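The following block contains the structure, expressed as structure tokens.
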Amino acid sequence: MLSKAQIRVLYGDTDAMGQAYYGNFFKWFEVGRTEWFRSRGTSYREVESRGHYLPVVEAQCTYKRPAFYDDILTIRTTFEFSGQARFRFEYDIMRNGDLVAQGYTVHVCVNCDRKVLKPPEYLKNLLEPVPEDDEGSSLG
Amino acid sequence: MLSKAQIRVLYGDTDAMGQAYYGNFFKWFEVGRTEWFRSRGTSYREVESRGHYLPVVEAQCTYKRPAFYDDILTIRTTFEFSGQARFRFEYDIMRNGDLVAQGYTVHVCVNCDRKVLKPPEYLKNLLEPVPEDDEGSSLG
Amino acid sequence: MLSKAQIRVLYGDTDAMGQAYYGNFFKWFEVGRTEWFRSRGTSYREVESRGHYLPVVEAQCTYKRPAFYDDILTIRTTFEFSGQARFRFEYDIMRNGDLVAQGYTVHVCVNCDRKVLKPPEYLKNLLEPVPEDDEGSSLG
Amino acid sequence: MLSKAQIRVLYGDTDAMGQAYYGNFFKWFEVGRTEWFRSRGTSYREVESRGHYLPVVEAQCTYKRPAFYDDILTIRTTFEFSGQARFRFEYDIMRNGDLVAQGYTVHVCVNCDRKVLKPPEYLKNLLEPVPEDDEGSSLG
């Protein structure tokens, strides 16, 4: 399932090269996955309120084109499982149909003591694909 | 009492105008007051480990000269009380003897439930001036 | 004239105290004044494309309530002149009708060589109040 | 060749999970490569003053352990070529001998019009291993 979010590049996001600083794209990935949770009818805040946390264990980004001040960027986020206990979000950052950057983050599920857990059932269901067929009723 | 700290301006601190983004100076103020605590022989981490927090209730900065990529900035931090329950740090950010920016932050003391406390005695002592007279032995 | 903008507090905006870091409010002030320009039918990007820049010479923020992860904050921005060559934006950051923070930024107009200019006419007009109805002649 | 740099985790670097936000490690990678240039007797500022820029085209980080407020982290940076026109920096972020995070950035060389260049000779020499003793002929 794909979710979409939009951000506008701030002055504070740019650097002296006149383009968005490479480290800021990871913040925009966060915007993307936040919106992904919301598109499933929940929120990451809600996940945390159940005592679960999803820290990032790996992050990667490939930069295709510079992003400039005041650009509107669309973050397209998809999800796929990645082994037993790992989640993987993939992100395309687009501007007017052009790919600006592409990347992923890998997450585990931990409790408030930072102990890694098997993903709880409610989370697995959340992360499982919604049938997209005729009868499909998304949670959005 | 005056403490000194140094930072180097990162590329990620600059913006498309080619100078350090105005919001980043508040991060450097934090470097300044962190170093102030250390110069008193303790640390803000230690304050928190006793269950006390010093959130910022006001912050101000006046920008005198732009700061550029790779500049080394010196943060000179001083302390003064500000009423019964408030602390005030003042900051001069210097480059080669020139004043780049100047500002202050005002703090209160709260517990972990965010309830405002009268400053605990150990904190007051910490914040009180060390006698600078002949015999003066700093805690440095 | 008042403009409104909205942001959502990211995880990356929060700190170990569990609330939005004080320095990040200045980034949200930028969101506010960016939207102010847009509400006047232009953009700060357009101002820069004419060779004018409006660096911040002073910034201040008073923190009334903590802002938390995933909060939606509304930034209400107003403008007033501040002497001959200075602009002043004022910001109220609200959550569900409650004031979270309040502050201002003061700006000058410079050219690409960082020389301070008298505000160009088009910019003055932009910053002057638009009459809001037949009789309306507010003074901003 | 290996260079070392140190940073201290600021409050502003942490997030509501009580640990350093994942996006901030990329800023620390920048600290690492800045120091790498300096360890070669030059600086990235100097590279730019010749009209060359080294934008990041890919970045990756694996997070091994959380980093906490006030931690001192050591960034160990090494360099290797990566094809004809690409540079690759590798980073180990350590705390007291433990690996906290590990990652890399890939860069190209562009001119001020963002046109990709073959790496200029002075830059290639800079990036080539310095013989570390009489017989030393590393293959870097």
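Labels A, B, C and D are assigned to the chains in the order they are written; within every chain, residues are numbered from 1.
Keep this in mind: contacts are C-beta pairs under 8 Å (C-beta built on N, C-alpha and C of every residue); 3 or more make two chains touch, one makes a residue touch a chain.
The model shown is predicted, which means the values in this text are computed figures rather than measured ones.
Chain pairs A-B and A-D differ in how many C-beta pairs they share in contact, with the greater number at A-D. Using CA-based centroids throughout, the chain positioned farthest away from chain C is D.
Between chain A and chain D the centroid-to-centroid distance comes to 26 Å (mean Cα coordinates, whole Å).
Remark: chain B and chain D have CA centroids separated by 29 Å (rounded to whole angstrom). Centre-to-centre separation between chain A and chain B, using Cα means, comes to 35 Å.
For chain B, residues touching at least two other chains, in rising order: 11-12, 17, 19, 23, 26-27, 30, 69.
On the chain D side of its complex with chain C, the touching residues are 11-12, 14-19, 21, 23, 68-69. Residues of chain C touching chain B in their complex: 17, 19, 22-24, 26-27, 30, 53, 55-63, 66, 105, 114.
Residues of chain D touching chain B in their complex: 8, 10-12, 26-27, 30-31, 34, 43-45, 48, 69-70.
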